Every structure is written in C-alpha cells, then in structure tokens.
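The structure under discussion is supplied below as structure tokens; questions concerning it will follow.
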C-alpha cells in the first residue's frame, strides 16, 4: 500500500495543495483523503492532478452532482475500488439519494450491456452518426 | 461485421421491438439504428436489451441528458466505438452543446487519471468511506 | 494496419509455423488467417504464440467447442474485434449454432453485469469462498 | 465495503429473491452469498439481476459447467475479484477438477495473448470472416 | 469519425497549439497528426493535453525512446488503435528497431499473462512488498 | 485467496521452477514471491509462465529497467494490484528512483489521456501511419 503522509509531516508544496482543497471542501487540512496523503511524496503528479480536478469538477454548465456521477461511472467501468468508494461518498454529499443511485447504476449496467452487444456482434456505425 | 436485417425483412418478434423503440423516439421503424438491425436475428438478446434500456433510460429522478452522459462515460471508459458514436449523437439530440461536451470530457479524463493514480500508488480506502 | 506477408513470401521459420497450423486445420498454407500473415515478420512472437495456442486449444479434458467459447468470452470482454471475428468463425466451424450463440452471449452479458455490480457495491468476498 | 443485510433483516422483496435462489441451489436462505446481502438494499437492481442470471445460467443447449467457465473467463478478463472467487467456487461445485481448471486457464491466457497480438500489430479482419 | 479541421481553418488558439508542436517535431504545421485536427474544435481539452504531453514526454531522467515504449505499452493494454498506430510510428522515429519491437512486445505479453495469473489465482501481495 | 505452498512443501516440478528463479535473482528458494507459491499447485501454468518471463525479461536490446517499466505500465493500465506491488519493488531494485517513478507515472497518465481522447473523439488513423 502507499505510504500515507499526514498533513503535519508534508513538505510545503504538498501542504499548499491540501490547503486549497480543504478550503474548497470546507474541511480541515488533516481531514484530507488518503489519495492526497499518498500523493504528498510525489509533488509533480500531486499538483497537476489537483489542478486538473479543480478545472474539471469546478462550476460550469454541468451541475456538480452530474459531474460526480460521470466520474463514478468511469470508475465503475474501470473497476477502481478507491475511486468508487471516495466518489460514491462525494456523490452522496452532493445530494445523491439511494433511489437516484439505483437509477444511476441501472444506466451504468445498461451501458455495459450495450457496449458488449455492439462489440460481440461487431455492429457497424450508422452512416447517420458519421455524417456530422 | 454483423449481418444487418432491414425492418421489412425482420421476423415479427424483432418488428415488435423496433415498433416500440421507433414510437418512443418519434422515428419511422426503418430509420432504426444498426444495433437493432444486427440484433434482429437474435430475438432473446434483443428483447431483453430493449427492455433493460427502456427501464434504465426512461423517466425517473435523473434527467434524460444526465443519463446519456453516464452511458457515454461508460462507453468511453470501455472504448466501445459504436456506443460512443450512437450515444454521442443521442446526447446531442437531448441538448448537449459543444461547450457541455468539452466539460463532460474534462470530467471523464480527470476520472481516468484519478483511477490510475489510485491504482498505481495503491491508495488504501479511507476509514471514513468504509464506515457507512 | 499490419503489413501482411503472403505464404509464398514468408521466410522459412514463418513457413514452418504456417505449415503446422495448416495441417492441423486441414487447409492450404495460403489460406492461413491474417494474424499469421502479420506475425510472419516477427518470428519469435509468432513461434511462441503458435506453440501456446496449440498447447491451450489442443485435445484435453475440455472439449474443443468449450475452449472456443472461453476464448471468445475473453475476446468480447477485452473488446478485441479481430479475435471476435476469427474465433466466432472458428466456433461456428466447431458446431456453435445460432441458438447456442445466443445462449453463450446471455452468459457473457450476465457475467459483465455481475462483475460491475460486485465492483460498484464493493461486495466483500464471502468467508466460505476464502476458506478453501 | 457494501453494507451486508442478513436474510432475517431483509425487506419482503429482497427475501423473495433470496428464497428463489436458495431453493434453486438447495441451500438455506441465510447461507446466501454476500452479493445478495449487498443487493438487498437495492431491490430494483437485485430483482433484475436475479432474473437475468436465472435466464442465462438456467438449463439450455450449453451445459452448466460450460456456462460457469464462460462466466469465470469474463470475470478474469475484467479483473473482478469477487466474481472470480464466487464463480470459481461454483465451477468447482459443478465438477471443475484441478486439471480442468489448469486447462481452462491456459485457454484464458492464450486468448489474452491473442487479443493483445491482434491489437498491437493492428491485424485487419480476414475477408473470409466478413463475408458471412 | 471526428471532424478534422485543417491547420489553415483552425482558430487562433488551436493554431498556437499546433505551431508549438510542429516546431518541437521539426514538421510543418499542416503535417500535424489527426488527433490535433480533431481537437482543434475543442480548445480547452486541446491546450491541456498538449501541455500534459509536453511535460510528460519532454527531456528528463528517462530517455525519449523509453517514454515512447511506456506510452505504447499503455495503449496496447487499453486497446487504443489510434495510439498504437501513432506512437508506434513515433517510437520507430526515435530509434525502435524491428528486433527491439519484438522484444518490447514479448514484455507486454508477459505482463498481460502475469496480470491475469495474479488475478485468476487471487494471489495476495507479499508482506515484503507492503513494508516499504 | 490462493492457497500458498511453501518451498519445502512443493512437488519436485514446482521446486525446480523456484530453484531456477531463485538462482537468477540471488535469493534463497524460500524467499520466493507469493505468485510462485500460488502457482506451485498448477505446474503446467507455472512452468510456462516462468519460461515466458525468462525469455521476455532476460538480457537483450532493451535494458532491464526499461523492461520493468513496460511491465509496470501494462499492470497499471490493467489495474493489477499484485503486479503493481511486485514489479514496483523489482523496478526499485533495478535502479528506479523516486524522481524517475514520478516521470514514469506522468507518461502513463498522459498515455491514458491520449487513449481516451482518441477514442472519445473517434479520431481516424492518419494515412501516413497506415502507409508503411
């Protein structure tokens, strides 16, 4: 498993990343998730991922819960246990109810099925979808 | 590639599936997508997939565009070309603008990165995420 | 795309691999599949893959059609278009009927669903399955 | 991890699903696998998955052990730990010996290799496989 | 397929990205790869990907060919046809010979096998690998 | 989890495999990794994997560390936890520093992003990459 560095033991570059995230989420720096404690020893990857996350998940045309569901859908398709656990929790915080989660999963499962049907039968793309 | 069966040549079971889908999408039966033309020769898989899609993508707590984006996110993660083409087109029909698509893709790419970071560093799941 | 080398133009090492496969399948060497024409320029990978295939797919406790279905199931899960096309054809040659294919695909789709449900809900492995 | 609901604490809809499965497998309802304990809180997904599994894995043209091997092959290709553990156990119950398992895995590994060779060399699909 | 925008038709933001890449590769801007022509309509994703690629693939402790091989290995594992084609060509430009490519692929195939063996047998991580 | 067989309890065929590996790595046979303890009960898969690994990872045109990084890249792309842990440790032994690891991961993450961009936008392969 990754060596986790606690906030108080982080180098300044890592602390700066955590401070910004903590402020954005209204938590204390030492309540930060494990992924950031693991990244603390890898400041280049850490800074770039924090920046990319902020850009992608920040305010825009898509609402925050929709963004969490897209993130979660990718994580389930990729079988990333950590991300399913952490972004499942974040989606709940942003308003995902149990009923909505069940509906969300139904879409993920239908997509998985559609993906495999299209590949197994080798379905050619419709001309109408190419002509744009 | 799959052998595509045109609507007029489909057996009654397949025609029935296509009729329902065409009605729901306000298109003519012979404008149906290739995936259904390919499935026409496999009525068991066809009926069950149509039923599952209807259940998953139908009206509910999540709005139709959000559902399309979840479907599309799974298809990109799985690298399913047919589904990316067809559900990209459907998302556009349901209101996805170019700006929203760029934002959507930014979330998908951030999720891919988060997934691989968590796996590469072998980040253990936070206790807080387990205790629920 | 790969550069395909026809049988008559292959180097002796590649010809030897093709001769053995052709004999085993009762076809002429120049009727060999594209994968071998592509591998002809890479004799190390070619010889080792031919040897591994022969070992895995040859006579044993599992019957030849079952082996083809296992091969095909992996190829669908991995989304490998070439392998779906070629091993679908081989399965048909070894007796897979349209009805059996539909049943086969139902199992593949159920497995995909089971995989994603287990990962999405983060289901812990049963003690009974660990204690053996 | 998923919250597991024991049989005695399940709502009637979940109990009904478990009763049917337990009868089919000749086990007691409280010996049911974790995946069903996890699904108990999600009755829509649960009922639909139980129904799909029954349809796919029930009696047909392919024998029960072949179906388990197809299920297991997909689970290994997808890297689903829970499904490998549970369907490995089920395959053993249905007659998979250690020798057969080794043969099974040889096919899975050969398929993985074939998949990656075809993709890495970008092998085009043979005309003969398209013309059917 | 993506709509490809030729250099002369690109908006200034896209042209600026292409100019920098073309300079770095000593090619003319209108010889740029399709991926950039496809991205020209999506300037946010385009600028960020160009910047990330430059950071990752630029001079550092790992030599340029090693970086191409790592990129190619990921692309084969993910089955991304475009990336296999384009980074295969780039690796050749950076000195990858046919012999080295065969050796490279042997490692990729061994890794694929090792991955599936570890998952299929559910091998627990050695304590020695955890204690660091 | 796999049943792990300690060296002293292995059958002669398994012991022979472990002896060769241990000699090559200058370790004692009972310090062998878990994957070999798990494979000890499956001598066919074990012998073939040991032979393939030796062929792929042995001396050649690519240096040993480069080979480890290719192996590790595939394992991260496939999300194989055991292989990330074990080959991460082996890469460290062969000279991978923390700085190099960070650079390595940047390439892996850029490749992941490139793969998903190419698939999401459905970028067609350049003619220049096909014509060789």
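We just call them A, B, C, D, E and F in the order they show up, numbering each chain from 1.
Operating definition for what follows: contacts are C-beta pairs under 8 Å (C-beta built on N, C-alpha and C of every residue); 3 or more make two chains touch, one makes a residue touch a chain.
All of these numbers come straight from a predicted model, not from anything done at the bench.
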Taking each chain's C-alpha mean as its centre, the one farthest from subunit D = E
Remark   = subunit A and subunit E have mean C-alpha positions lying a whole-number Å distance apart equal to 23
Request  = Please compute the C-alpha centroid of subunit A, do the same for subunit B, then give the distance between them in whole Å.
outcome  = 20
Remark   = Chain centres from averaged Cα atoms put subunit B and subunit E apart, in whole Å, by 27
Remark   = Check: subunit F positions touching at least 2 other chains come out as 1, 42, 45, 48, 52, 55, 76-81, 85, 105-106, 108-109, 112-113, 115, 117, 119, 122, 130, 132
Message = Please classify the inter-chain touch graph. Allowed labels: line, ring, star, complete, other.
response = complete
Inquiry  = Going by the contact rule set out above, which residues of subunit E touch subunit C in the complex?
reply    = 79, 98, 101-102, 105-106, 109
Note = Interface with subunit C, subunit D side, in the complex: residues 1-2, 4, 33-35, 38-39, 42, 45, 49, 52-53, 55-57, 60-62, 66-67, 69-71, 73-78, 80-83, 85-89, 92, 97, 99-100, 103-104, 106-115, 117-119, 121-126, 128-130, 132
Query = Of all residues in subunit E, which touch subunit A in the complex?
reply = 1, 3, 48, 52, 55, 130, 132
Ask   = Once bound in the complex, which stretches of subunit C touch subunit E?
value = 41-42, 44-45, 48, 78-80
Message = Quick check on the complex: what are the subunit C residues that touch subunit A?
response = 76-77, 79, 81, 84-85, 105, 108-109, 112-113, 115-117, 119-120, 122
